[in-house]
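Read from first to last, the chains carry the letters A, B and C; within each, the first residue is number 1.
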Amino acid sequence: MGLVLLVVIWLITFISGYFFIAKTWWLPAGASVAAAGIDHHFSTTYILMGAVFVAAQVILGYFAWKYRDRGSASPQAQYTHGNNTLEITWTVLTLILFVGLNFMSSSIWASERFRPAAPGAVQVEVTGMQFAWYFRYPGPDGKFGATKPELQDASAGGEGAVGLDTTDPASKDDFVTGTMYVPLNREVEVILRAEDVIHSFFVPAMRFKQDAVPGLAIHMHFTPITIGDYEIACSQLCGLGHYKMHGILKVVSQEEYDKWLAAREAEKQ
Amino acid sequence: MASTNTTAAVDAAGVLLGDHGRLDSGSAEFSVRLRRARLGLIVGLTGIVMIFVSYSSAYVVRKGLPTLDPQTGTLVHDWLPLQLPNFLLVNTLVLLISTLTMEFARRQALRDAIPAMASSDPATSGSSTPGVPWLSLTAILGLSFLAGQWLVWRELAAGGFYVSTSPSSSFFYLLTGTHGVHLLGGILALMAASATSFLGQPAESRGVAVDITAWYWHFMTFLWVYILCLLEFAH
Amino acid sequence: MATGEFAAHGAHAHAAPTSWIRRYVFSLDHKVIGMQYYFLALTAVFVGMMLSLLMRIHLIWPAASLPLLGEIKPETYLSLLTMHGTIMVFFVLTTAPQGGFGNYFLPIQIGAPDMAFPVLNMLSFWVTALAFFVMIAAFFVVGGAPLHGWTGYPPLSALQSAGPGEGLGADLWIISIALFCIGALMSALNFITTTLDMRAKGMTMMRMPLTCWAWFITAILGLLAFGVLLSAGILLLLDRNAGTSFFVPLVTINGQLAGHKGGSPLLWQHLFWFFGHPEVYIAILPAMGLCSQLLSVFSRKPIFGYKAMVYAMLSIGLLGFMVWGHHMFMSGMSPYTAFAFSVMTMAIGVPSAIKTFNWLGTIWRGRLRFTSPMLFALGFVSLFVSGGISGPFLAQPVLDIQLHDTYFVVGHFHLIMGVASIFGIFAATYYWFPKMFGRMMNESLARWHFFISFIGTYAIFMPMHYLGMAGHLRRYSQLTELNYLHGLVPLQTFMTYAAFVTIAGQFIFLFNLFWSMKFGKKASDNPWEATTLEWTTATPPPHDNFGGHMPVVHNGPYEYSVPGQPRDFVMQTDPALAKAH
């Protein structure tokens, strides 16, 4: 039985470990400035915790086999209540490992989250509602107009869906789309809002996730570095349509973005 | 020997909880029961305290919380403090008096439970007159307090402040309501403790029941004063 | 004279009851109450398991029509998910280890005749049972069970029109949880008072078995945490039914103003997780205590580092109240606060690691007996390591960005709570069955059960980590809409088949349990040759646990293979070591 346990535990460890090492299913390719740093730290954590995982399971399986009771062939168990030096040693080492990992990641966290968006960032207001995403751009005046919940009317298109208050002069040039366009290599400031329940804006390739909370306007930023279409998924349970609340983030060249922007703004005149 | 039976911590707790020390065998059993019941009460009160800690933190958070005004896209504060009716002070006085009568009842019940300790233990000697129905008085005062709270609620409703009118009114009803429910529990415990004498239970059982109810009652009074201060002074 | 002995006679004033109702329904005997809790949990786990089976079927065959239930709509999937989580966390993991085995064995292991407050104990069970019935009722009311997840975040859970099931079903859900909180608080009161005040002569705190320490610390956690959940539930009930706005800001639902303003959804999250994080330690601590116990008994060795184990459990309990924000890194909470919570969360990994080292140290140079409890104890260590290793990923906010709300989290908490903790329940059953029923469970069936469960649960939950890293989100009722999920469906299919096999394997346990009660091999009073107090008494224990002769304790609980002793174990009541110690 000891041998069976060793084999089973080791097999489970090595099989699951294989898929982890082979990266058969892995993080999607990173497409933002932050991705490289995050992925690097992910790998560091991965390697260290992976080593601990394998070591612990291998030792467990090995001990289960080695110290099995073989009747008279086995010596009496070693009567010991423990070893204080060992306790202190492994406590300190574990503490260093865990807190060390944490401090390493904190500098990345700080650079992502402790500073607001740079001036000149492309501003997009992202509004989540059951079960769609809407993207509002401020237009040439660079200001977002007022919205009123009472005015919300999804059947009246994007502007209606977010409840745009047309009496506000700043609203005149705002436009709302169902697809999010951003230019390459420029910081994007995302202002997250929600109309009904909590949603969450997640773009795996950008390593970007943030809950959209009703009653708050949450400012976040990221910088895309690869042209392409990226799926946006809702990552906070929001009701029966949660699984199909998705959108598309299109990262395009600056020229293409300018063309698209000009076309949208022209429609508003 | 008690000292080899328990750890130092439990010994200390025993002193704190009014362990009446080594007396004759009947009293030792009573003191164990009393100590155990008091320990249980302290533990139970800790659980109840956490309910009010949660409410308090929700209150403080909500008071200072800004919310998004969609019109301006900015965060605004919308807390309007509630004007507390003056009658609350009358109610508070009633509760404070009830805690006094409760304490007299407690000492009386403990004296009845351990006749041997009548004059030797300072904790149970008091100036209270034997024969005064302190327990019933406390129950009446408690019920008066609850009736008074009901009147306060009526006064607020007449002024247009219901539970959903504003955040401050919501918290007022929540805190006073939860306290009231717990006080009602205390009144029921009082009545049960009174009933022990009618049901022929030994004086020790009555002593433990009244003692526990009394400490619970004192805690309810203290909790009420805390709630009042929170509603009036917290910024 | 020892006040402990007097306590025995004084507190145990009630004689053994004779009527069927007093013996089995409204019993005041902690052993009967313990069994009532256990069988409540057994019913609950069966319901919870069936719910998860339906979930797994729907994920890979979304259009399938099932007998009796028909097609499972997206909202139904979410109700299954909500109820599965709620029932498992509350009525299984918080009920069987503590209310079930804790009630039965804490008094015996400390040498007491019963719990401190038997009437309160009886009430706490019936309140919990009532809570379960109310929870089940949610399935059968108009609209059905709620769909907001076991975490119940408002505004989704606060607005009656936010989805099917969010009407009466959600109210019943809250009321059930509120009742559960009350039952749990009553139970915690009993456990703490009993442990502090009713230990037998010679049973100091540092001679208590680690199971008792675990039950004690778990009770403290429960005492401090359940009141907060109760408060949150009341506030949510008011938001839903009385028009208050504790948690709901100005929102529209289905195009109409919902009638609230100014509330904070994050307030619910703070209150919920302030409870929720200690709750997961409530779910795992008793299993940790038991694992220590079993590894020691079946390695014939003292636990390695008893004091360290006690301090580790105390630290886990204390730190457990300081880490709740790690569930909220993406919630809109301040990033500075997130950083603080993440440091505390990494710190709490340390005592868990210490316990793992000490478990390995216990079996090192032991003489291992592979009984069924031992198999599950060893399995527990493996699963605890696996489930724990994914913790440090999630504890770092920068990595949590990618992993939050994905299957990575689901894999993490299932391995640790859904499997390791359950293994603790299985281990406890196999271990204490002989003392409760006087018979042994069948060892062959137990081995089948162990290997199917061990391999099967790894097959179900290990792949979830891969899914999470690939960005597969949780609580998705269908995998048909997002393009990047399509390549992950084969893994989901594999998990579903693994679930079929694993669930089937649980019926072996169920059969073994009931069959052995009547036909199992008769057990002696101490079939495992263990040292703790429950093995000194008759089988099953008499009404006052020790037949009038309260034990006197001379040794710690782990005196195995003491050099110079005639047998490889010394009972806690055996004075033979008194001179040596």
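Just so we're on the same page, a contact is a pair of C-beta atoms (placed from the backbone, for glycine too) under 8 Å apart; a residue touches a chain by one contact, two chains touch by 3 or more.
This structure is a prediction, so every number in the text was calculated from the model and none was measured.
Nearest to the overall CA centre, using the mean of each chain's CA atoms, is chain C.
Centroid distances built from C-alpha atoms place B farthest away from chain A.
Rounded to whole angstrom, the centroid-to-centroid distance between chain B and chain C, based on C-alpha atoms, equals 33 Å.
Centres computed as Cα averages put chain A at a distance of 48 Å from chain B.
Chain C has its Cα centroid 30 Å from the Cα centroid of chain A.
Residues of chain A in contact with at least two other chains: 149, 163, 215-216. Among all residues of chain B, those that touch two or more other chains are 67-68, 70. Along chain C, residues 249-250, 262-264 each make contact with two or more other chains.
Residues 67-68, 70-73 of chain B are the ones touching chain A in the complex. Residue ranges of chain C in contact with chain A, taken from their complex: 73-75, 78, 147-149, 153-156, 159, 162-164, 248-255, 257-258, 262-266, 299-308, 330-332, 335-336, 338-339, 342-343, 346-347, 349-350, 353-354, 356-358, 360-361, 363-370, 375, 378, 381-382, 385-386, 389-390, 392-393, 395-399, 401-402, 404-406, 451, 454-455, 458, 462, 465-467, 469-471, 473, 475-479, 481-484, 488, 491, 558, 560-563, 568. Listing the residues of chain A that touch chain C in their complex gives 1-2, 5, 8-9, 12, 16, 19-20, 24-28, 38, 41-42, 45-46, 49-50, 52-53, 56-57, 59-60, 63-64, 67-69, 74-83, 86-87, 90-91, 94-95, 98-99, 101-102, 105-106, 108-110, 112-114, 130, 149-150, 152-154, 163, 194-198, 200, 202, 204, 207-211, 213-216, 218, 231, 233-244, 246.
Of all the residues in chain A, the ones that touch chain B in their complex are 144, 146-149, 163, 165, 193, 215-217.
Touching chain B in their complex are the following residues of chain C: 1-4, 6-7, 9-11, 116-117, 185, 188-190, 192-193, 196-199, 201-202, 204-205, 223-228, 230-232, 234-235, 238, 242-246, 249-250, 261-264, 267, 270-271, 274.
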